[in-house]
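Across the two complexes that follow, subunit A remains constant while its partner is subunit B and subsequently subunit C.
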Partner chain A sequence: MTTGLLRTGGRIYAILFCIFMLAPMIVVLGASFTGEGYISFPPPSLSLRWYQEVYHNDTFMRALRYSLEIASITAAASGALGVAAAVVLVNRDIPGRGLLVTLATMPLTLPHIVLSIALLQLFGQFAVPTAPYALLAGHILITAPYVLRLTMSSLGGLDPRLQLASYTLGASYAQTLMRVVLPLGMRGITAGLLFAFLLSFDEVTISLFTALPGAQTLPAEIFNYASQGADPIIASASGIMIIISALGVVAIELSFGLLRMIAGEERPRRS
Partner chain B sequence: MRLQDITNPAGVSLDLEQVEVNYGGGAVLADFSLGIEPGELFGLIGPSGCGKSTSLGVIAGFIPIERGKVRLGGRDVTGLPSQKREVGVVFQNYALFPHMTAAENIGYGLRVSHDMADYDARIQSLLDLVKLSAKGGRLPRELSGGEQQRVAIARALAIRPKVLLLDEPLSNLDARLRGEMQEELRRIQREAKVTTIFVTHDQDEAFAVCDRVAIMNLGRIEQLGRPRDLYRRPATRFVARFIGKSSRLQGRAAAADTLEIADAQIRTATPMQPGRTYELYLRPEDISIGAAVHTDNRFEGRVTSMLEAGPHRYYSVRFDGGEVQAMFSARAETDFDLSAPVWIGWPAQAGALLEGSDG
Partner chain C sequence: MAEAVSLRVDWPRLVLYSAMLAPLFIILLFFFVVPLGIVAGNSLTGTGVDAAFPSVSQYTSILTDSYYLGILWRTVVVGLAATLGALVLGYPAALVLFFFQGRWRQVFLFVIISPLFISVIVRTYGWMVLLGPGGLPSLLPSEIRPRLIKTEFAIMVGLAHIYIPYMVLSINSAMSRIDARYLRAAATLRASNYQIFRDIILPLSAPGVVAGCAIVFSLSMTSFSTPILLGGSGNKTMPYLIYQQNLVVGDWATGSALAIVLLAVTMSVLVTLTLLSRRVMTRVGG
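Entry: the complex of A and B
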């Protein structure tokens, strides 16, 4: 009787928790489909009117394209750097390996605003244009640690004997890397690339500081727009961000079990 | 395609000369030498930590050596990396590439060395050799343990290795399959004619499969020989204990042919130095039990326990000189009751007599 009650209570709590977590997303998405000229939830009438507004708004569309470009370049660069670092650091024989991995993940603990200011100073000193270079550098700094970590976790699980087997069969280090190690680490690498893309796509602080006025990323443009007033175009621009991010997460979840990877392989328990 | 075309026509010799390996502080192998004949199936056995897997790693080039030489077919390969040694390795867990099919696994060595002449035909012959002709397209996870192991063997043979190394290859298989694979290994090795080293902790397995066996302990070879010689004539107390079942009787030589243990006088055929301590290791089949026992050594004792083991029954009998285990055919109707007095006996030349004792 008590266990039954606990189970029902637990289930109700879990549902409430999910509602709490998803509420902002639901409110923004709901408000974005309003037919009215003001933001409200639930929307009094439904229409795609504000999505059409975004589509015809040059500023938002340019920002969206810019964001996708920056996120793609960030993912590619973070991917290359992070995977290369992971291949090196996953080797237990590297002296000071633990320290190096910790140092490489340090940017994660740095507030983005501090990082932005540091980047502005650094790039200013060498007279390098901050857009897009400081912007990309910042995004790579905050995303490469994820690629490193996820790739390391998938490579670290590989049986070292697979590499030994490859060597005894005559394969060089490079052949072993390309034919055995990286294909088997593909799950972690893909998850890392997607993470890098999504984090860069969502990032606002570094973009605000380093991008040029008039050539902002989408979240920074939404921030600018929102600071001058609010109409449902903000909700629909945000809606586009949510949808793109969600599609990415769903795609990776379907093909690679990303959420399970983060959660650490949760298995269904039987009572 | 003939098998000779896909494997080496004749095996080569393998020699380890005064090899020394250190991990951290202690020497794992010290002054270790071993000579293996071309085409031989050689067993390396011993308890875990005896250095057998280390020797394998030395031959494959996984483990650097401080001193000594490794020769394949007389050629010094000590400085060569694994890639250049042409040594095929079958790992304990097979280490098949999980993202490649059986055929792709087998062909891996040929592909990475761009040795593509007759590629398909060679892969097929290897699949035929290990009796997986129709399963080349399967992924490792779609194969049974025994099948995975055969893929691993074929993959190692594909590079025409000078030497094939098998690291505990049967330990992950169930008992029945293990028996089948022992015969299978023997057949494949004979057909491929490749010099093979078989590392295992299981002496029955090594005895069933190998031409010669070396028994290792603490980084040294205790004894090397044909399985039957190791069984019949253990040279050291370690080998006597490690190989097969035996009962140990420990005493002092009262005369050249008499071992004295407590109140019992035991006749021996091997001469002893009077006054020294000896151990006599008797196999269960050396000892007869019942009415008509051998008269060289004949004692009355009591049955302390009985063990049924299929074709045989083992009786433990306590007598004045200690306790011994005697084997008795399970076909016999006779049985001996627990605690009942019983005669045991064995000839003077039975067993292995070795000097020394643990005190």
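Entry: the complex of A and C
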């Protein structure tokens, strides 16, 4: 019947759609292993030549180190700010709780281009150099809301009786926080920190506006190279970014579940 | 659940909670609220030497300049085209996701979501290679080989691909709220697949379509790096102008006004689209 035909059609569409979704990444990875001096896919010869070139390229290596530093500081700062706010805002009796959560997530609704010029003008107004402070402020603003939300969602299902039990047994607030609440919210906190790290590591617009010309982050440096031409070194630098993102995705999947984090879907539990 | 409400102010708790909330909200105030105020203020700077403050002269000079208006128009058209592309390709994907079960559904969802974790710049560069002279066009004989890179079409393809996960997720979340009993009832009443789609799935997924279009459109309108790399200097969009005025020229007044015009136009297109879709939906009876 037609239902069988629809099912086959759906499967074919799903396969084509997957190819479309992954095509740019496959092409970049493929092209990065070329042995030639120009971009081509599929590569006529395979080699790690362009990964060696990146490794010996001071600009890209400095940018990679800078990106990793900025992403680490961002994750740590957003983690501290987001988790501290989350353990308070998860209590249902906080007055204005909904409003505070909305306020805290406001930066996510502002386009990065507008946030970038806002930070640029703020620092310019007071003649403070934008790097690294404006860069970090921008990255913290766009990542802290995710840490807040993920921590709140993993603490949301927390049984309030556990905290009461802890108080009843004579524990202080700090002890209860450190030994009951935070361990129970660990999965959400870990996912939030990993996500903050990846978002900061991947972010390009704010970096382009606030990092100084000689000290760009890796995505911003890739942008600068790509706007001048299609050197295979861009493909291998992009390849490094894909590998780091993939590691981050695996870590999120293991700690929290990727589908649960983005699509709100529970992954089937292992027993 | 309901614990006894105490009217006594619990001072230690109040101080502790305030201290834990303060850092995030202080950062929000100094690096979000204040800078936006500065942008709004700068956009009201008058033109000329003895110009008064506040003045709307920045806005009037932008909105009467055919160069700016042309770029604004291109930004809206490219944004709408990218949104339409994401909808046309994404809706069937969400539909497949809706009917898929089990392991393959998880795999499909994973493939849709995972590109979100890869930098926009990498995905854009992938399209530069794919649409460039050595990419897809080289598969065609050289006489009919089209030039794809550095065109508005390239910007549209790149933006549609980059933001399509939001479209699929948004439609999927509306579809997953559809009561499965409706589908069973319709099947019991011998409704055809097409009738089930037209009378149940389509109207009930419409809010997800509207939300998905709104997200993709606003992200596309304000995207900075993708239009520059795929469109080149011949196809500038508003974010590039904002970059140019703020960073290259250093004219904060014009740069701020351009940013606010971009926000205002994005918002008004979204409001128009939402009102239109609401009218269509009530007529269809969804």
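Odds and ends about this structure:
The rule is short, and it goes like this: the second predicted complex is superposed on the first by the 253 of 271 C-alpha atoms of A that agree within 3 Å, B and C clash if a C-alpha of one lies under 4 Å from a C-alpha of the other, contacts with A are read in each partner's own complex, and residues count from 1 in each chain.
Here, contacts are C-beta pairs under 8 Å (C-beta built on N, C-alpha and C of every residue); 3 or more make two chains touch, one makes a residue touch a chain.
These figures come from a predicted structure and were not determined experimentally.
In the superposition on chain A, A:L122 makes contact with subunit C only, while subunit B stays out of contact range. Of the two partner chains, neither subunit B nor subunit C is touched by A:A215. Looking at the shared chain after the overlay, A:I73 reaches neither subunit B nor subunit C. In the superposition on chain A, A:L198 makes contact with subunit C only, while subunit B stays out of contact range. Counting the residues of subunit A that each partner touches, subunit B and subunit C differ, and the larger count belongs to C. Touch criterion met: A:V180 reaches subunit B, while subunit C stays clear of it.
Remark: subunit B residues 60-62, 81-89, 91, 93, 95, 97-99, 108-109, 112-113, 155-156, 158-159 touch subunit A in the complex.
Residue ranges on subunit C touching subunit A, taken from their complex, read 1, 3, 5, 12-13, 16-17, 20-21, 23-25, 27-28, 31-32, 34-36, 38-39, 42, 89, 92-93, 95-96, 99-100, 104, 106, 108-130, 132, 134-135, 161, 164-165, 169, 172-173, 193, 218-219, 221-222, 224-225, 228-229, 239, 242-243, 246-247, 252, 255-256, 259, 262-263, 266.
Residue ranges on subunit A touching subunit B, taken from their complex, read 159, 161-162, 164-172, 175, 179-180, 183-184. Those residues of subunit A that touch subunit C in the shared complex are 2-3, 6-7, 10-11, 13-14, 17-18, 20-25, 27-28, 31, 38-41, 80-82, 84-85, 87-89, 93-94, 100, 103-104, 106-107, 110-115, 117-122, 124-125, 137-138, 140-141, 144, 148, 160, 173, 198, 201-205, 208-209, 219, 222-223, 226-227, 230, 234-235, 238, 241-242, 245, 248-249, 258-259, 262-265, 267.
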